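What follows is a pair of complexes built around subunit A, which joins subunit B in one and subunit C in the other.
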Partner chain A sequence: MRAAVTILAVAALASVPLWLRDPYLLNALITTGIFVIGAMSLNLLLGFTGQLSLGHIAFFGIGAYVSALTSLGFDVGLPGDVRLVHAPWPPIAGSLLAILVAGMCGYFVGLLSFRVRGAYFVIVTISFAEVVRLVALNWVELTQGPLALTNIPSIALSLPGIGELTLRTKMQNYYLVLVVALVAYLLIARLVHSHFGRAMRGLMENETLAVSVGIDVTRTLTLAAVISAAIAGAAGSLYAHYIRIIDPEVFAFINTVTMVIMVISGGKGSLAGPVVGGLIFGLLPVALRPVMAPEAQWIAYGGVLIAILFVLPRGIVPSLAQRFIRRRSGAPALASVALTETGAKEPA
Partner chain B sequence: MERGVLEIRDVVCGYGGVTALRGISLDVRAGQLVALIGANGAGKSTTLRAISGLVPPRAGQMRFEGIDITGARPPRVLASGIAHCPEGRRVFPHMSVEENLDMGAYLRRGSGEIAADRDRIYAEFPRLAERRRQAAGTLSGGEQQMLAIGRALMSRPRLIMFDEPSLGLAPNIVERTFAIIRGIRDAGTTVLLVEQNAFAALEMCDHAYLLENGRIVLSGAGSELIANEHVRKAYLGG
Partner chain C sequence: MSEFLQHLVNMLVLGGTYALLGIGLTLIFGIMNVVNFTHGVLYTFGAYIMFIVVQQLGLNFFLALPVAVLAGWLLGATIELTLLRPLRGSDIDTTMLVMIGAWIAMQSGTLWIWGGVAKSVATPFPEAPLVLGPVSVSWLRLFVLAAAAMLILVTYLLINKTSLGRAMRATFQDHDTASLMGVNVDMIYTSTFAIGSSLAAAAGALLGPVYVIFPQMGDLAAVKAFAIVILGGLGNITGAVIGGFILALAEELGAGYVSSGYRDAMGFVIIIAVLIFRPTGLFARAERVG
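The block that comes next holds the complex of A and B.
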C-alpha cells in the first residue's frame, strides 16, 4: 500500500516538467525540492533522535560554499606568508567534497554537544551557524564576503557513451534534484529501519532502557548528526550549482526556521512528513505572491502553521495516516504505522 | 565473606554532591536469587546502576566472574553477561513487541540464533507471540512486564538485575512476575533483585541484603531477615 503511494507520488513528480512549461513555477519547484532535502536531513535528527538542530542551515551553507569554491578555485593568503591556491575542479567533485566537509562539521558539532545534549545541542548548533556566517561574511579573500561568489558552474555529468552533459536547463535541474531527493529519502528510510535506526528511535523513546540494552548514546547521536549534516551539505551543493550565486545570507537563521517549520508541519519522525511540509511551505510563497507583500507573507505562514498544528497536532502525515488506519480497522494504531509515521513520545 | 560470581567491594557512588552509596560490599553467588531491600533512597537502584555502568563508582571494586568491571561502560557490562531491567517505563512504546525483543539482542550478532531465542521467549509467553506486530505501548501492564523480562533474556545474560519489577502492577500480575523470576533462577541464571515489597522478596530469595542510607546494615538468608527484629519493625509492618 505504502509502496504504491510512494511510486505514484514519484511518478506524478517526475511528470511535472512534461506539462508544466512555466519557468517561474519550475524554478520554485526546484528550490523547494532542494529545501525538502534539507528538511529531510533535519528530520533525521529531530524526528528520529529528538535532537533539535537550530543551526541546520550551517551544514547546508557549508555544502554550498565548499562546492562553489571547489569548482571556482581560490587563491588566499594564510598567516606566515603561505598562499593556498586551488585550481578549479569539476562541479561534481565539489558536490562530493561538500558532502564530506558538511559531514565532518556534523561530527565536530555532535562531539561538542552530545555529551550533554538537549538544550546544549540547540545552543551549539545556533552558535555554529552564526560563526560560519560571520566567517563567510568577513573572509572576503576566500568568499568575496557580501559581494557573493558568482558564476558558479552548473553541474556536469559525464555519461558513458553520450559524453559530457552540463545541466543548464530547468528541466534537467528539476530531474537532478528529484533524483537526489529520492536517493536521500530511500537512504533515510533504509537507515531508520536498520539496526542503527532502532538505536536512534530507542534513545528517543526511552533513553534509560536504550542504554541498558547496550546502546552507546554519544556514538549513536554523533553518527546521526554526521549523516544528517552530510545530506544537508548535498542539498547545499545542489543549491550553489543551480542558483549559481551564493552570499552569506544563505546562513540566515530564517532558513533554518523554514526547515523546522517544514518538518514540524509535515510531521517529524515520519518519512514523508518533510516532503509534504516542504512542498506546502516551499510553494506557499508562490501562491501568496500575487496577493501579499513578502513581509505580510510571514504572517500568513504563521497562520497556516498554527492551523495545521491545531487540526493535525502531530503533523500532517502522522495524523492523517492514523485517521486512515483507524477508519479501516477500528483498532488502535498498529506498530508498523507507529514506527514509520510517528516520532511523538507516548503520552505519559 | 564468601566470594560470589559478582563481587562488590567498598563501592562509593553518588550524583553530583549527593553520596548515594557509602561503601557497600556484597556477593552474589552463582545460581542464587539475591534480594536487596531497603527504604526509598537507601541506594538500592544506585547499586544496580553502578554495576551496569550507568553511574560510575567513585571508589571500590566490582568483579563479575573474576573480571574487573569497575567503571566499565554499559555496553561492556552487558557484553560480559549482566542484563539490567531498569525501573520505570519498561518498554519502547512505539516499537513492536518483536522490535522490543530484538533490542535486547542489540549487541549480539547472528540473526539465526537471535531468532531462535526470540521463538523460545514466544513459547514461554504466548501472549507476546500473538501481539508480536503490535506497538508495545498498547500492551497491558502485565504484558509489558513479560516483554521487559523477555527482552532482558535476549542478551543471554548469566546475571539479571531487576529493579522494582512489581511497581505499578496488579497483585495477580506481581505474583506471576515473581514466579517468572524464580523460574529464571531455577533455570540456572543468577538474579539480583531490588524490591520494595520486602516480604515477598525475602520469601523468594536465597540471600538478602538490607540497605540503609547507602550502607549494608544486615545480610543473611531470607528467612533470617524475616525473623530479625529490626527488619520486622521497619520493613514488614511489625
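The block that comes next holds the complex of A and C.
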C-alpha cells in the first residue's frame, strides 16, 4: 500500500516535464526539489533524533561552495607564504567532494554541538552557520565575497554509448534533482527502519532510558549528523551547478527557516512529511506572487508558520494519516500504533 | 596606547546598550524558558519609534526614549498574550518556532511600511566631540551610555527591591512552588516578556541614532543578546551586564586588531567557545544541560 503510493507519486513527479512547458514553473519546481532534499536531511535530525538544528544551511552552503570551487579552481595565499592552487576539476568530482566535505563538517560540528541540548544546541548551530557565512563573505580571495562565484559549470555525466552529457536544460536538471531526491529518500527510509533508526528514535523519546539500554548517544547522534550534513551538501552542490552563481547569501538564516518550515508543516518524523511540506511551501511563493507584494508574502509566510504550529502541531502528513486510518478501522487505538510505526511522535 | 584607550571608551558606550539587550533576553529566557527570536525585532521597533517621534512627528528627542520604552512594553505584552500564553506547557521547540514566525512576519512588516532604505535621526547634540586627552567621544554616545546606565539601574532595583521583582525571582527558581505561594505566574510571564521587550526597544532607540535605522538591524542585535545571555548565565542580570561589556570589548579589539569584517563574528565565536568549554556560563552556578 505504502509502496504503491510512493511509486505513484514518483511516476506523477516524473511526468511533470512532459506536460508542463512553462519554464518559470519548471524552474520553481527544480529549486523547490533541491530544498526538499535539504528538508529531508534536516528531518533526519529534527524528526528522528529530536535535535532542532538551525544551522543546517551551513552544510548546504558548504556543499555549494566546495562544488563550485572544485569545478572552477582557485589560487589562494595561506599564512606563511604558501599558495594553494587548484586547477578546475569536472563538476561531478565537485559534487562528490561536496558530499564528503559537508559530511566531515557535520562530524565536527556534531561532535562539538551535541555536548549541549535544547535551546543551547539550537544557538550553537546557528552560530556555526553564521561564522561560516562571515568567512564566505570576508575570505574574498577564495570565495570572491559578495561579488559571488560566477560561471559555475553545469554537471556533466559521461554515459556509456552516448558520451558526455552536459545537463543544461531545465528538463535535464529536473530529472537530476528528482533522481537525487529519490536516492536521498530511499537512503533515509532504509536508515530509519534499521537498528540505527530505532536507536535514534529511542534517544528522542527518552535519552536516559536509551543510555540505560546501551545506546551510544554521542555515536548515534554524530552519525545522524554526518549523514544529514552529507545529504544537505549534495543538495547544495545541485544548487550551485543549477543556479551557476553563488554568493554568501546562500547561508542566510532564512534558508534554514524555510527548510524547518517544510519539515514542521509536512510532519517531522514522517518520511513523506518534508516532501509534502516542501512542495507546498516551495510553490507557495509562486502562487502568491501575482496577488501579493514580496514583503506581504513574507508576512504571510511567518503567519502560516505560526498557524501550522497552533492548528496542526504534528504536521500535515501525520494528521491526515491518522484521520485516514481512523476512518477505515474506526479504532483510534490502532491509529496510534500505526503512526508509531511510521515514526510520528505523539505530542508530549 | 591612545588607540587602545579609544577602544576602551567605545567599549563602554557599546557595552551599555548591549547590557540592556542582554538583561531583557536573560529575563525572558531564564524565567519563561522561551528562546525569544523576536528580541531583535523589538530592538528594531524601538529604533523606528525613535525615527517616528523625532523625524516624522517632529517631537523632542528626549521624549522619544520613554515613548519607545512604553511602546516596546505594549508590543511585548501583546506578543506574550496572543502567541505565548496559548502555548503554555508546549515544548521549547514549538514556542521557539512560533517566535521565529513572529520575527519573520514583523520584520517583513517593518520592511513593508518603511521600506529598506536606511533612515537616520537628527540629534540635539553638538557635532564636535568631547576631547579628553588622547581620546574623543561624541556627546550623543555619552548620552547613550548615561541613559543605558540609568535603565540598567532601574531594572536592577525593580528585580531586587520590589514585590514584582521578588515574584519574578521566585518564578525563576521554581514556578510551581511560586504558584503555590500565591504568585500569579501567568501575570509574571506577561510582565517579564513586556519588561524584556521594553529594554530591547530602549536599546534600539538609543543605538538607532548612533548608526542608521533599517529593518534588518535587529538580527545581529538578537545574536549579540544571545551571546551575552550565554556568557552571563541564564536569568543572571549582573552576568548580563558584565557579558555585555565583555562582548563589546571583544568586538572593539577584534575590529581594531584583527579585521573589521570579523567584528560581528565575535558574538558567535563567544557563543561557541563558552558552550563548548564552559557550558554553565562564566558566572552561573546552575547546571545547563537539557
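Please note the rule applied: the second predicted complex is superposed on the first by the 323 of 348 C-alpha atoms of A that agree within 3 Å, B and C clash if a C-alpha of one lies under 4 Å from a C-alpha of the other, contacts with A are read in each partner's own complex, and residues count from 1 in each chain.
The rule we apply is simple: a contact is a pair of C-beta atoms (placed from the backbone, for glycine too) under 8 Å apart; a residue touches a chain by one contact, two chains touch by 3 or more.
Quantities reported herein were computed from a predicted structural model and do not represent experimental measurements.
Visitor: Tell me which of subunit B and subunit C touches more residues of subunit A.
Guide: Comparing touch counts on subunit A for subunit B and subunit C gives C.
Visitor: Does the superposition put A:130 against subunit B (first), subunit C (second), both, or neither?
Guide: Second partner only, subunit C.
Visitor: Quick check on the superposed pair: does A:182 touch subunit B, subunit C, both, or neither? Answer first, second, both or neither.
Guide: Neither: A:182 stays clear of subunit B and subunit C.
Visitor: Just subunit B (first), just subunit C (second), both, or neither: which does A:171 touch?
Guide: In the superposed model, A:171 contacts neither subunit B nor subunit C.
Visitor: Based on the superposed arrangement, let me know which partner A:10 touches: subunit B (first), subunit C (second), both, or neither?
Guide: A:10: touches no partner chain.
Visitor: Would you check which partner chain A:199 touches, where first means subunit B only, second means subunit C only, and both and neither mean what they say?
Guide: first
Visitor: Of the two partner chains, subunit B (first) and subunit C (second), which one does A:118 touch, if any: first, second, both, or neither?
Guide: In the superposed model, A:118 contacts subunit C only, not subunit B.
Visitor: Taking the touch rule as given, give the residues of subunit A at its contact with subunit C in the complex, in rising order.
Guide: 52, 112, 115-120, 122-124, 126-128, 130-131, 134, 137-138, 253-254, 257, 260, 264, 293, 295-299, 301-306, 309-310, 313, 347-348
Visitor: If you look only at subunit A, which of its residues touch subunit B in the complex?
Guide: It is residues 195, 198-199, 201-202, 205-206, 208-216, 332-336, 338-339, 342, 346 of subunit A that touch subunit B.
Visitor: Can you check the complex and tell me which residues of subunit C touch subunit A?
Guide: Residues of subunit C touching subunit A: 29, 33, 35, 83, 86-87, 90-94, 96-98, 100-109, 111-112, 219, 223, 226, 230, 259, 261-262, 264-265, 267-269, 271-272, 275-276, 279, 288-290.
Visitor: Applying the document's contact rule, which stretches of subunit B touch subunit A when the two form their complex?
Guide: Residues 52, 54, 73-75, 78-79, 83-86, 88-97, 99, 102-104, 106-107, 133-138, 151, 155 of subunit B touch subunit A in their complex.
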